[in-house]
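To start, the structure under review is shown below, and the notes come after it.
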Amino acid sequence: MVINIGVVGYGYWGPNLVRNFAETPGANLVAVVDLDMEKLNVVKKRFPAVTVTTRFQDLLDNPSIHAIAIATPVNTHFDLGMAALRAGKHLWLEKPMTETSAEARALVDEAEKRGLVLLVDHTFIYTGAVRKMAEIIRSGDLGEVYYFDSTRVNLGLFQRDVSVISDLAVHDFAILDYLLGEHPTAITASGTNHFPGSPENLAYITLFYESGTIAHTNVSWLAPVKVRQILVGGSKKMITYDDLEPSEKIKVYDKGVNFTDDPAQIKEMRIGYRMGDMWAPKISGTEALRLEGEHFVDCILNSKVPETDGKLGLRVVELIEAATSSMRGKGETVYLNRQHGDRRLLGASRRQSNEGRLSVVRPG
Amino acid sequence: MVINIGVVGYGYWGPNLVRNFAETPGANLVAVVDLDMEKLNVVKKRFPAVTVTTRFQDLLDNPSIHAIAIATPVNTHFDLGMAALRAGKHLWLEKPMTETSAEARALVDEAEKRGLVLLVDHTFIYTGAVRKMAEIIRSGDLGEVYYFDSTRVNLGLFQRDVSVISDLAVHDFAILDYLLGEHPTAITASGTNHFPGSPENLAYITLFYESGTIAHTNVSWLAPVKVRQILVGGSKKMITYDDLEPSEKIKVYDKGVNFTDDPAQIKEMRIGYRMGDMWAPKISGTEALRLEGEHFVDCILNSKVPETDGKLGLRVVELIEAATSSMRGKGETVYLNRQHGDRRLLGASRRQSNEGRLSVVRPG
Amino acid sequence: MVINIGVVGYGYWGPNLVRNFAETPGANLVAVVDLDMEKLNVVKKRFPAVTVTTRFQDLLDNPSIHAIAIATPVNTHFDLGMAALRAGKHLWLEKPMTETSAEARALVDEAEKRGLVLLVDHTFIYTGAVRKMAEIIRSGDLGEVYYFDSTRVNLGLFQRDVSVISDLAVHDFAILDYLLGEHPTAITASGTNHFPGSPENLAYITLFYESGTIAHTNVSWLAPVKVRQILVGGSKKMITYDDLEPSEKIKVYDKGVNFTDDPAQIKEMRIGYRMGDMWAPKISGTEALRLEGEHFVDCILNSKVPETDGKLGLRVVELIEAATSSMRGKGETVYLNRQHGDRRLLGASRRQSNEGRLSVVRPG
Amino acid sequence: MVINIGVVGYGYWGPNLVRNFAETPGANLVAVVDLDMEKLNVVKKRFPAVTVTTRFQDLLDNPSIHAIAIATPVNTHFDLGMAALRAGKHLWLEKPMTETSAEARALVDEAEKRGLVLLVDHTFIYTGAVRKMAEIIRSGDLGEVYYFDSTRVNLGLFQRDVSVISDLAVHDFAILDYLLGEHPTAITASGTNHFPGSPENLAYITLFYESGTIAHTNVSWLAPVKVRQILVGGSKKMITYDDLEPSEKIKVYDKGVNFTDDPAQIKEMRIGYRMGDMWAPKISGTEALRLEGEHFVDCILNSKVPETDGKLGLRVVELIEAATSSMRGKGETVYLNRQHGDRRLLGASRRQSNEGRLSVVRPG
């Protein structure tokens, strides 16, 4: 069986989805929707067999379409996504999933109720580099995860209607969720907007986890150089991930800190250093979007839950909300109600799945 | 006239001071104090003409000694420094100046009262790289300073009795004070201690300034790789400073963001990008400590105020206090009373000198 | 007027030409030739309006076609190119132009006789980086060119029928010709083939110029890391060009060596060092192939001589021949008859154009 | 027993030897010779117990001195070294060993006849990085050594009386000898002198080995940036060695080229690529000179042959002679008589030791 897919939105990211679904085995790109006829003409020229239309409703009304992929501005995600689900279509949603966690939760519930696949396009989760990091962490090789530290900065592009948190930190939130399998209990963020009337263009966010892990991400649209670097420090090993490095993206350091009681070796200090080899594992070069497209088809055909399902998307939206709230409160800590936010089981997970609603609360 | 100098403490940093004063024109190293006779024997072997002693009092009692340099653990700085000043000696103090801002203030007052030179050894201020950055900022070439972003991480050395803020962030606090000539109005810090009973080994600190500048420093003793990197973004240009780069430490980017009203160029966005040349100015290679030693001698001989005087040292201690307070409050914002903390005039400074006491206050 | 173009060969490079001519203003891609019907089907799917055929003769017979671009294996370049010229078509030829300099000369002569444009696709000449280097050299800012030193290595792709000289050093030969406007007088090359029956996979080539410039290129298909780095040293300044650097490809160093007679400064040496600023000029980001395509159309429409004309292509083939001859003679110097090989005028060129034939001669 | 050592020459390198022997266990620095009294005063100040003298003969006449280390210009090495040996002193000679291979051979013979230790100070052989490379090669992990490719360039220092080959390529010659345990059969070199009357400041040297290994070194005093990089490619793995990298100097790549007959995988090519992990082994941080000093003492006390003995020093001088001869002949190949130049046994060496004299011959 072939999955017939309609794509909504042919702006910045849409063309990637269109090209991808046109080539994904098991997928059949049947229609593209955009409000701009010029863009649709481009699609028509490249893909003569594809139906182009300015009416989203055409997709809903078309019974041959199994799935809809939405790549429109975030403030339209909820309405379009809900309409798609209610029309019985499987749903691929760009990140961030929605503007509010309430909306995200409603989509999750709707998809669940109808037994439809809901995938949120956190593409990084399908990269060889992130999967290799997860593999190392889940195998226990890294030991206890002490910290996650990300720098994700460059010059532009300023977004008109979303802050740098929604644009850049969203990647770290998804990666953290995937790597740690744990939702933070508190978050604090600082940031600023150097241009009156624009959303924040620079932010520093710290996330605290019950397990003791601390995470931080530094995001900016105002840096002279592009940096995409993550450090993950564990009790046994440490990882660096440089996404701009063409060949050795992931480096695993056999370096760390040990407690010691040897009085000779470490005179007045209870801490010793371990300096060992470094190892850069080969990373799969398969394009993330290709992998993700095939995964979407597989989930639909075989009733599987996507690795980046609506619940992951929801948790990420919660973090955006909480970080934004803290940032606008000049760094006030925002506590995430840990009764809420259900978690998937992950490896030998220390957490059980639980249901509930996020409550973003301020202390005192 | 030659300045006779005694050095107290021959541990980690003391040997650098000893070597430096032994070679500084106008300075005469006459005595070294340490409690460890083995260390004093090393000094004696290398510098036969220098008096070595385990008694600090010997320095105070020696009328031929004009100045005392103190390189002992920070918890001894106040007592030793105050004794030196009261004995009429000019004072060179290692950073951080003292454990508390109250102590720092007392030393500032004592030195002022007695007309003695008080230099705090924030060595970075005497490096060619930091001075070049200051030159660019003060010339107006950078425009308005939007942000300062520092990463200062490595593996170890863990300190027994001070946190990573006192050990590493202290450098950024001094550099910020020197570059901006402005004291922050609020500070928020997150950090953690992965080893029970040890001080924090990792911290993220954000500083807010009245002018709109935002500063951030990321400090850690638990990173697999050493990083010493600062970005300074301005309205006209941007700087990167990589202290581990052997030749081009400072790079000035003619890149930035402009507001624009040209509808054609930037369709729905009021912001445009400027991408231009990069320029790496030649940096003076003079050793910072050498320059600082000569500056100390010059200040004593010619009654000058050191570039890193006690007031700068005090302001840095205030920041350490405030950051530590915020960090232990899991990121609670700490406001710095801007009536307090006097400022030197700096170029065409926008601030006037004012006197007073720091009051670290919590909101609400 | 629009130039109708047919492309021959849809293997490794052909798809780039097809895509490029399909988008070049003033060009009209009308036909694609390949022996492989599968490849032609791909073309047909992507460009439904383009005629596809396995018969090269169809292009020659089609009077509406003005120009033919040939991207087939090098051993077919001469026959296909000569047939195209004789059919009165303007010619775009992949590099290296031909297998032998005699063939290249015949094509040059044929095109000249018929007044047809002959462009050899040395794409590097159209990159912003190479043009910026040329600009700096021609302006005199670099001073006298002392040396050119290139490293161009990576792992694979091994070529079945050409050596690493034809595959990689060919780029340096073209860049050198463009930058220096001078043909070497002698060449020496070493290389080896680690796999019996395959062409050389690693070579070191030195070129000597009458002006005193020395050039060297290190090419290999057997390096673990990819390197694309050129140094150009002049009497006044020096350039580094790193093609893998995403943003600052070209760096200009105000460093160099001066003769001096100051006895104090440079005790027993007549040579002093100058260490100054570094400057990374902004490089045009226009795609080289796009620029080259527009240039080809412009040359045809306005009877201009391409920057990478057949004579440049010929000189490059001469260097491949000479280098290969030296390499197979284990480094024997091969002298290039400087009476031969005509040169274009280049800025305030020190050479006059001259005509003749290459004679590769061995000494004694 | 303690080895009493006298050092001759306190110029560029001498101070390192003096400091090193002053701290080497088992060594006792007793005297320093230099013609410059100012320099001797510096020594006296730093090392009051050491005898300083301008008369070399004093060392020879002193029966308590067991060994002499010579760090004077190369044109004095033979006379001073021979005098030291004839006075019955063990000998430490700076590199290059002598100006001519005949002189080097005479020193080797003299030391052998008298049973004295003769160590040539090729310090690189004692670095952790070079020893790690040797370990990997000798273990067979690298497979057959296909090539060795070194870049060793920087700006200055120009030498008054030796060319860049003696100054920089000398390191590669020693490292090659140590790594390969094989003497080349032919050598070809190109180079130039951009400053009339000075020795060559830039050279490209290729060495051919009977085993099929090809080696190349690119040395220059005229590069804007410092590079110290070596690639070693083997049939199983490949190594990069970047001496300026602070932490990961050696990287081992599980990459390479395989012959294959699989028609599906590599259509028309018999060669396939293997892309695997990279591994950066921990390198010993022991200072090379310290290790070398202790090795010298150990050789004297226990009648061992130094790892960098006179024979290695001689082979290196042979290569300098041959490369210089080729360079001045504009790249003419110089054949090294492989009957000559004895080789130490090295691991499971494929060569037997043989005796004889070098004969540098030009081809027919």
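We call the chains A, B, C and D, going by the order they appear; numbering starts again at 1 in every chain.
One rule holds in what follows: contacts are C-beta pairs under 8 Å (C-beta built on N, C-alpha and C of every residue); 3 or more make two chains touch, one makes a residue touch a chain.
Computed from a predicted structure; not experimentally measured.
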{"item": "Interchain contact steps from subunit A to subunit D (minimum; 1 if touching)", "value": "1"}
{"item": "Centroid-based (C-alpha) most distant chain relative to subunit C", "value": "B"}
{"item": "Cα-centroid distance, subunit B relative to subunit D, in whole angstrom", "value": "44"}
{"item": "Inter-centroid spacing, subunit D versus subunit C (mean Cα positions, whole Å)", "value": "39"}
{"item": "Whole-Å gap separating subunit B and subunit C, where each centre is the average of the chain's CA atoms", "value": "54"}
{"item": "Touching two or more other chains - residues of subunit C", "value": "225, 247, 275"}
{"item": "Residues on subunit C engaged by subunit D in the complex (per definition of touch)", "value": "146-147, 149, 151, 153, 155-156, 158, 160, 186, 188, 190-192, 194-195, 197-198, 202, 204, 206, 208, 212, 214, 216, 218, 220-225, 231, 233, 238-240, 251, 253, 255-257, 259, 268-271, 273, 275, 330-333"}
{"item": "Parts of subunit B lying in touch with subunit D, wherever the complex brings them together", "value": "46, 48, 225-226, 244, 246-247"}
{"item": "List of subunit B residues in touch with subunit C within their complex", "value": "247-248, 254, 275-282"}
